[in-house]
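Pasting the structures in now, so scroll down.
In the two complexes that follow, chain A is the common piece, with chain B as its partner first and chain C second.
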Partner chain A sequence: MAASNTALGGAVRTGSSARAIAVLTGPAYLWLTVTVLLPLLAMFYFSFLTEAPIAGRVGELTLEQYRTFLERGFYTTLILRSLKLGATVAFFCFLIGFPCAYILAKTIKGRWREALFLLVIIPFWSNALVRVFSWTMVLRGNGLLERAIDWVVPGAGSLGLMFTYSAVVIGLVHSYLPYMILTCYISLQAIDDDLIEAARSLGAGRITILRRLILPLALPGIVAGAVLIFVPVIGSFMEPRILGGRQGTFIGTIIEDQFTAVFNWPLGAALSFILLACVLVIFAMFAPVLKRAM
Partner chain B sequence: MKHHLIAAGAALAIFALGAGTGTADTIRVLNWQGYGTDESWALEAFEEKTGHKVEHEYFNSEQEMLTKLRTNPGAYDVVLINSAFTPTAAKEGLIQPIDTAKIPNVADLTPEMRNNPNLVIGGKTYGVAWVWGATSFAINTEKFDAAPDTIEVLWSEAMADRIGWRDDAVEAVQITAIALGQDINNPSDLDAIREKLRALKPQIRTFWTSENDWNQFMSAGEFDAAIYWSGSASRSATNFGLPVEFVVPKEGAIGWLDGLSVPTDAPNVDAAYEFINWMIDPEFYVKWDTDVGAPASANAKAMAGLPDDAFNRAVLGNPEVASRLKFMGPIEDDMREKMLELWQETKTYFQN
Partner chain C sequence: MARAGRIYLGLVLVFLYAPIAVMAVMSLNDSQFYALPIKWSLRWYADLAGNQRLIDAGVNSIVVAVITTVIASVLGTAAALAFFRYKFRGKRLLQVLLFPPIAIPWLITGTAMLLFFFWTGIGRGLHAMVLGHVALALPYVIIVVSARLQAFDPDLEAAARSLGAGPWQVVRYVTLPFLAPGVIAAALFAFAVSFDQFVISYFLAVPGVSTLPVEIYTSIRKGFTPEINAISTIVIVASMALLVGVSRFYRFGGDR
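What follows is the complex of A and B.
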């Protein structure tokens, strides 16, 4: 917009449009700086201290926290475990969310579409903790799921899902599925139906249309959804704690321990930034793919 | 100058006690939420007796309690401190010596509790012994024919996937230290503890974090035996009707003693003394334990006032059982950090 204005109006309007941009976007950036960037910088600073400078204590500058990470192999194990969890959850969200989005965008029209959209979004309106606790009622031994299965197939036996890695994945997929559905829906809706018609008239089968036409055109939505899901999932701690039981230890829960249980903010901050660095490295590795997708 | 002030304070206190009513103050208490001092019926009775009003502020961990004392001098009159942390608070000058002569009920405290070395430092009392209890494990009585007498039951094959554990580094290490016969406050062989904790992997069903969690998991049949606190176990049995029995095994259990202290610069020391006196009064304690459920009282008379079958009297009141408790003491900072690291490493090992 700014570029076209400049091209049309010439040098006279450059100044005013720059001012307009500053006035319009300034508050947002100021807000972001104060609420996000400054606290983040403070945490980054804390990660280089011996102890958090609160309650009259004075921390000294040190690299000790980062050294602790390198010396203790189990932190790396936990980060890898969390990255795997993020990838698994994103994959299952795609597997379930993409067909949902396709049906919403291409098959259903009118008021039904609105109603279904509402159903997709409703979980967002309820508290995350409530959602996770309701899963404990479904998954636990002799819970809703096992009783339902027993009703259909008597004597089917116990699933033993509660307090497992699978339980954590189920809870997280449910929590983050709407992201995938919404982002995929937007890019699927933008695909012109005539394109699909044209492909069909040229003799392409359903699989070919999906593989050669729809998936590539929907890729930006899929990637955006995957990124939106992957990042919060690797830092998640509440769902693993409640649904994972003994198998619910991830880097997120360990970071939470540092902040709440033992008041070692510097180590918690250092672990958070190491996790952030890992995420950035992964995105850098996938940059070519991401760039093409966006 | 300070002596004059203390003398004046003492004179005032004597006057106040003599007069029976005294001036009405508002005192501020720092404690865990729902831990006795904030029972509304008790505060109403206290206000009726003394005219003093009581306000509360809460903490969620011992570290937070210390932080609040450090950052808000003069803000509190009474603070609850786990006796394992009393020496730290006294050493940092956060709490002041208590003149126990002004608190009549102190005379009825069990001498070992009253003179606990963590509360009486250098001949001065820094904390008045209030309540105590044990951390061990409780069983679902429907799943056991008879209560086990050994802590090894937690490690037994029969308990595979049936044990509930608390996600707390110090507690996990201390319970394992008891199983191995090591000192709980300064374990000599952390490697042995690590091995022993790792051996627990097949048994642990899940971790619990709050009493509420524990009750839900137990009633849903998620575990048959789980680490628990003695006071909470009696609440689960009486208030929630769960088939629960607390076990103090032959190897021992973690014992803890909570004391009431007066912070340095407390604005209303005399009212604080009166409040502490009420908190260790048998009248308050018996009602607290019978109606709500409480840990054991450090006051011998208060314990004698409980019904014969009350858990605190029948089990913890038994001197043979009490002798098996290993009391929590101060833990050095680097030991605490080692315990935490050991526990995190073990939790990582617990993953598939």
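What follows is the complex of A and C.
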């Protein structure tokens, strides 16, 4: 194999290649170990302590944090509320994003497609905080949206959208919509146009083609998009804080409180870990589809 | 049909960009209460010059992003080269390990870093943010550089060698020039990931030492002023410009 005798590695399948692999990958993975893996393990440990073992205090082993979670309906309600938020946001992203991905992948060609695709994707990678913040300008009382509605229908009154559950959903859909468009676009792109043409010439109507051909073939992309949106949404706290006000209490904001306001780190760690468990279950459930979509 | 599709696409773009545009326009409005019609003014931008907290946060953001970019680009490119050149046991595992920093909600990673860094004495502050940001940027660097390497023909190196080039000459004159666009894209990407990162920075900030997103968040929660519109507009324009830069070298979403 030509790649086996290359400049950087020298002769392969000798001790020197093992050393080269270690030198090349070692630093990156050492870094990830210290900054991600060990912290997650430490958090798991903290979640079994009575108090955080810092500033000279000693935490004792206990299941108290997890018992608190199970015994107080409050936390279970919040987890369910966050899961519902995740599902709602993923659903609306699909509803809005799928047609958009289809139009980009199948009806627009050439340079226009490049440019439009970029326009859709750029916001996703740009500053999430600022994008959420910008919605306050639009949604707040007497903000742009209300003035626009008032201009069309004078005296329509206040929408009162700001600081509601809906405001949180709108902000999150805005944040994650490009993700759904991206994953759907990739799987729609892979569908051969001849296949659609064949179905049409065999007499299939538009709805049939969509239902029997396009949706099933695009399913991996849809599922990948939904999972990749659902997961960060159930862990969101900044968006509910900015747009949700009093309505913006979710498991994410409660975890944030434990670390930044209440300073009950063991409880925060336990809640974080329960959330992580939810995330892992979701990834495990959809692993086969996700693998196909990647 | 095609027409309706284009209109729909246009509406989605309006949804994506309108709030940002509204914010940008309001940052140019002289009225503190966003009164209409707009009286254009740069006063909020002028006020930024006197806001030492935001200036410090801006400097911190750039310092953290530059250090993150250098470290993540070097470590990530090295790892990508190893994945490209060698077949070895555990490679699959190493590649799977790139997902946790991207896939686990940052709230979880962020709080875990906070308690671990605090516990071990690493502490919080800018150095802790660099530790965290590099971890987030590394997977992206490896993915972007690997995508570039996919197109690399190892025969080029063999050809250079057969023409008498030494190992370092091959790297210097063949491998690196080919890789350069990928590494540049990865570096810009790493910079953007760090510059725009809020969650991790938020948990690792100490009072008085924060980055722009953390400072903006704190201001929003305290009851914001139009100054925040101005700095937010600057941040988002810078961040989008960076990403357009990335897109010159790397195709988001693979081949088209």
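Here is the rule we use: the second predicted complex is superposed on the first by the 240 of 294 C-alpha atoms of A that agree within 3 Å, B and C clash if a C-alpha of one lies under 4 Å from a C-alpha of the other, contacts with A are read in each partner's own complex, and residues count from 1 in each chain.
To be clear about the criterion, a contact is a pair of C-beta atoms (placed from the backbone, for glycine too) under 8 Å apart; a residue touches a chain by one contact, two chains touch by 3 or more.
In this text the structure is predicted, and so the values were computed from the model without any measurement.
Participant: With the two structures laid over each other on chain A, which partner does A:231 touch: chain B (first), chain C (second), both, or neither?
Facilitator: second
Participant: Figure out whether A:122 sits in contact with chain B (first) or chain C (second), or with both, or with neither.
Facilitator: In the superposition, A:122 touches chain C alone.
Participant: Which partner does A:268 reach: the first (chain B), the second (chain C), both, or neither?
Facilitator: Second partner only.
Participant: Given the superposition on chain A, which partner contacts more residues in chain A: chain B or chain C?
Facilitator: The larger set of chain A residues in touch belongs to C.
Participant: Regarding the shared-chain residue A:67, is it in contact with chain B (first), chain C (second), both, or neither?
Facilitator: A:67 sits against neither chain B nor chain C.
Participant: First (chain B), second (chain C), both or neither: which does A:177 touch?
Facilitator: The second partner, chain C, only.
Participant: Applying the document's definition of touch, where does A:134 land relative to chain B and chain C: first, second, both, or neither?
Facilitator: After superposition on chain A, A:134 lies in contact with chain C alone.
Participant: Touching chain B and also chain C: which chain A residues?
Facilitator: On chain A, the overlap between the chain B and chain C contacts is residues 54, 241, 260.
Participant: Could you list, by residue number, the parts of chain C that touch chain A in their complex?
Facilitator: Within the complex, chain C touches chain A at residues 1-2, 5-6, 8-9, 12-13, 15-20, 22-23, 26, 34, 36, 71, 75-76, 78-79, 81-86, 88, 94, 97-98, 100-101, 103-109, 111-119, 131-132, 134-135, 138, 142, 154-155, 157-158, 161, 167-168, 170-171, 174-175, 189, 192, 195-196, 198-199, 202-203, 213, 216-217, 220-221, 228-229, 232, 235-236, 239-240, 243-244, 246-247, 252-254, 256.
Participant: Using the touch rule from the top, collect the residues of chain B that touch chain A in their complex.
Facilitator: 61, 63-64, 67, 70-71, 165, 168-169, 201, 204-207, 209, 220-222, 336, 340-341, 344-345, 347-352
Participant: For chain A, which residues are in contact with chain C within the complex?
Facilitator: Touch list, chain A to chain C: 2-3, 5-10, 12, 17-18, 20-21, 23-25, 27-29, 31-32, 34-40, 42-43, 46, 52-54, 96-97, 99-100, 103-104, 107-108, 113-114, 116-123, 125-131, 133-138, 143-144, 147, 174, 177-178, 182, 185-186, 189, 228, 231-232, 234-238, 241-242, 252, 255-256, 259-260, 265, 268-269, 272, 275-276, 279, 283.
Participant: Touching chain B in the complex: which residues of chain A?
Facilitator: Within the complex, chain A touches chain B at residues 54-56, 72, 74, 77-78, 81, 140-142, 162-163, 165, 241, 245-249, 254, 257, 260-263.
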